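Taking it in order: structure first as structure tokens, then the write-up.
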């Protein structure tokens, strides 16, 4: 029984069938990659996990509980964090503040009205955020405006913010899209480190095979809204169906 | 100090000193001089500066921090005023219960209006608030002032009549809003040489209240709650995916700013016990938006500056008529005098709107951060000038 | 040291304020305690002219301001003296008021009660005005009148036509020279009966606020008393700019007369729309359709242009009025500004002179003295003919003009022609008339401020 | 029945003005992403184009008529318009009579020039600024334009009648045996509005220029990447939007006499119309304009005001609230436009 169980999920947009009967199981403490060509329904599927979309049929269970019909913030509170294709961070806030917000969310739940306390005097929060900044190698940037950082640093910050919540499942949506090679490699290293050091399940959607094969322990290939195969990276590499779907080669 | 960091404490102290000595600062010109026209240190205008300052500080908590642009906040100001005047009419002229009730009633309305309006964001939110406020204005201006059910007294404005019950009013208490017997209109005039300064009880009450709410707003800005509000403005998606729902935070900010508006409305009625419906019109809501942007959105002191700026123009520039102009330029030769008056004439007196409009444009074009940015640039310029003078000196000295 | 305190009952001991931590060194000059608010001490006295300078009534406010400036000139003995020469009271000498040169300050009411009170307060608190004059709406008049009562200065209302100003909201410190809705109705009714007969069916469009309501109530009462039917009364929002949806239903309502209880822009647009829909070309119940605008002003007439032809209404004053005072005023105003005065200009001019005269006769600027001098004062020579300032409610009683939009105006200023001068006796009413607050209405006590 | 039809006509007429102003507003939103608070002022300037032209045509020279007296008793100055002197009294008089339709010719270049000037001189610098700044600067501009007009024309409305031939009432229902008298000029206004709306849609639908603009409205960056100078096209769109609002103003002058603050009166309403229609949606703006116009007309009927007192005061806002709460992006709004 995986931590994330997807059963018979289908989703239509008007006449377009984006997902049809997707079944997927992500095992705990693994890195599971979902790959597929453009328009295969990867993002749609991911959006079904986090409450942005509700599938027409089927179920999505996280740790035995359905996530369907819950708001994104509720799903997050269950233990699912998400990293976006373009880093979604609080650009107007400093790096430190960016890191404090998830720590607050972890401690206080989805809403707490702490209107006249001094945030810098919330000792446990500051410490936790500091620690995470150190972990992410960003302690020296703590007073920078997040928006003024490089793309790679933004990504690093975003991942850090997700980790600060100590999620059980981390969803990564093309984490290296649009990145320079060096930044991509840094991100891969970072994710490897996370995988090694933390008790965490990672589900990753990716285009870049280099990233996928450096990280993933299991791979699901999605094409035209249905999973083609699910296997280990080694087996996927030579799989004829995959080659066909990706490269248009006939087997 | 008071749990603030050094920078904020300094700001608070500066603001406190400025408000305390405002009667001096705003009256820099001798009472009989031609420039006395520019003096703003009389009770009514000082009260207005402070009351609208409170209004704008509150509005900034919503708009400056969360980015939700409400076009309906004047409604809460009006509701606060009506609530306060009703307390005057039914119970007592004491301002404490009136202002407290004003805050409570305005908050209740803000809760209801915010709950509905915050279901939408961006311009859709703005138009929702505008629609609610305009409906309330229409209700107050005519529908709820009909002879059968007169809640607002319509066009004339709600005021206290001699036959109102005023249950707790006693002989010996002022027949005007008062603070435990101290009339809000009690003014002490101090003449020093040619200068004249007025110290007004009402102004100082408002000033103390403003200091308190200004302090509160600093605390809100620096609190975890304030950080969440800034996060809402910055990136709602991330907030949602961080397990935080923006809506309760935004709603809390909306209610707080509504309460500030109610407080300002209550104080306004306490200074002058008449509540007119016009203060609820969309133009009044627009005015507080302009005050905030003009002063510097999201800055602590900006809204107060913006409020002072607009109110100064409304009350001082509108009073400069041709007779005053002729008096000023009487020293010029006749033809010259007429010419100068002719040039200035369109911009003052009945043309004060024109000057205000031009200044809006100039400020927003050249000072994207509002007046606060202007102040900062000025500060930097003075500093760098000071430095360059020093370096000049340094250069000169060796040469000697 | 002086202390101004706008309260009637509660007089604050100076000690309380001084005790608040403002101990004073002795170098500060001390003034003698004033007997009333803004007692003029030097060689000048300051009057406050509070008129709309921005917003839709800015032109009307400008006219008022011109008239007030003219009055100040005349008081100070400059110009040709205007009505000072024709005024029946000869107290004014053209040497200012009580020998003090008259100065004035101006404020912008913006036609909003809040803004009007703010500018009035600024003139009282900052500039030391002893009297506030002007304004162009009843809401503003009532609001500023209340303020002047509290502050202890005299308020001379400008254009305010609602019954309430000297009705339920009357104040001891406030005076109205302008006529009111009741008088309009009383003056119009006989003329309407004569011109349109006593068998008419009237359709009312009414601006949905206090003035509109009192206006409508007055006209309905007066016309029904002479036998007219009221088909219906429809309230229109003040903010309306297009009245087509209110005009269209009149076509099939069976009404043969339309009463527009509108003022300013509302009236201009509603009348324009009514004419657009061809109401004036219609025949209903065998009669020509007629439109009535109970309250006219020159600016409204100018704004409505050709549409006012033949439309009846009433006015407080018109420059075409033939009497000595009117001639003197029109000449003086016309020569200075190149146009004849409007009726609100005349009211404001008269109010300034009346105030000055009352001060001279009372021998003091003390508002209570001025009130006494004005109450029950009978005079002539200011343009309206014999006039009484009634003591019970501070309302002026004088002839009311019924006017009609001229069919063939010769220039832009005679667009209205006087149909009838209704004598004061016909428009008088008891001070406790139910439309004026009944028995409950009271002026209260005079308040000198300090 | 007749009265219902009459109110529908009234609604269409009010709606025409709303739709024309809202159309320009939403074009500017959609293309430039700018909140233009000066749009009402442009409408007002349009109306004053009509006023100006009719004043200019009536520019007169003065002769003194000794037989008549003016109000001060001096000999009356008689003014004769130059146009009448040049073209003869009859042609001159009819030129003056047709001043409003003629001023369309004046308004088109003036409005386009004004639009270009505004966009290049001011708005251009505010594309990347926050909406709040755009509001402040355009609001400031609106005040300035308004005050300039007030300075020259006064605050009082100025009657600007339509040509005599178009005065009066036409019975629209005569063909159907109904009694539907309706002012001719209002019918003209509606037809004119329909024509303009049609022209704008046709322009956007059938010209390459329009197609690029529509693509740009949908996705500005992509079109920019294709190497098309979208900015210049948007400048032209701004001028067109200004022109539409200006023409709406010109033709509105005879309906209600123009005054300097008429733009502000329409500004809030047209914003409501745009948002109810859906931000950035042209058909939405037109639909919402007519819808709100008709609803407003029906809310003013005695039947409506006796059923719900005061409904005529609040109808527009009530509808706006209901629409926005049931349809998050207005009637025809697209996702992602003007949402932060």
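By written order: A, B, C and D. Residues from 1 in each chain.
Keep in mind that, in the parts below, contacts are C-beta pairs under 8 Å (C-beta built on N, C-alpha and C of every residue); 3 or more make two chains touch, one makes a residue touch a chain.
Keep in mind that what you see is a predicted model, and the values were worked out from it rather than measured.
Novice: Please state, in steps, how far subunit D lies from subunit A along the shortest route of touching chains.
Specialist: So the least number of steps between the two chains is 2.
Novice: Which chain has its C-alpha centroid farthest away from the centroid of subunit D?
Specialist: Comparing chain centres, A lies farthest from subunit D.
Novice: Go through C-D and B-C and name the pair with more C-beta contacts between its chains.
Specialist: Looking at C-D and B-C side by side, B-C shows more C-beta contacts.
Novice: Taking each chain's centre as its mean C-alpha position, how far apart are subunit C and subunit D in Å?
Specialist: Those two chain centres are 36 Å apart.
Novice: Could you put a whole-Å number on the gap between the CA centroids of subunit B and subunit C?
Specialist: Computed value for the inter-centroid distance: 32 Å.
Novice: For subunit A and subunit B, let me know how many angstrom lie between their CA-based centres, rounded off.
Specialist: About 46 Å, centre to centre.
Novice: At what distance in angstrom does the C-alpha mean of subunit C lie from that of subunit A?
Specialist: So the centroids are 73 Å from each other.
Novice: Which residues does subunit D have that touch at least 2 chains other than itself?
Specialist: 313
Novice: In subunit C, what residues contact two or more other chains?
Specialist: 58, 208, 235, 237, 239
Novice: Which residues belonging to subunit B are in contact with no fewer than two other chains?
Specialist: 138, 142-143, 146, 233, 353
Novice: How would one label the connectivity among the chains shown: line, ring, star, complete, or other?
Specialist: Looks like something else, not a line, ring, star or complete graph.
Novice: Note which residues of subunit D are touching subunit B in the complex, please.
Specialist: Per the stated touch rule, the residues are 35, 122, 125, 129-133, 135-137, 139-144, 146-148, 151, 268, 271-272, 275-276, 279, 309-310, 313-314, 316-318, 320-321, 324-325, 328-330, 338-340.
Novice: Which of the residues in subunit C end up touching subunit B in this complex?
Specialist: Counting only subunit C, the residues touching subunit B are 1-10, 12, 14, 16-18, 22, 24, 27-31, 53-54, 58, 61-62, 65, 69, 104-108, 112-115, 117-119, 121-123, 125-126, 137-139, 142-143, 146-147, 150, 164, 169, 208-211, 213, 235, 237-239, 440, 442, 444.
Novice: Write out the stretch or stretches of subunit B touching subunit D in their complex.
Specialist: It comes out as residues 63, 67, 69, 116, 119-124, 127-128, 130-132, 134-135, 138-139, 142-143, 146, 233, 236, 282, 286, 289-290, 293-294, 297, 346, 351, 353-354, 356-361, 363-365, 368.
Novice: Could you please specify the touching residues of subunit C with respect to subunit D in the complex?
Specialist: Residues in contact with subunit D: 55-60, 208, 232, 234-237, 239, 241-242, 244-246, 248-249, 251-252, 265, 268-269, 272-273, 276-278, 281, 299, 302-307, 319-320, 330-331, 334-335, 340, 410-411, 413-414.
Novice: Which positions of subunit D touch subunit C when the two form their complex?
Specialist: 2-3, 6-7, 9-11, 13-14, 68, 70-72, 76, 150, 154-159, 161, 168-169, 179, 181-183, 185-186, 255-257, 259, 261-262, 265-266, 296-298, 300-302, 305, 312-313
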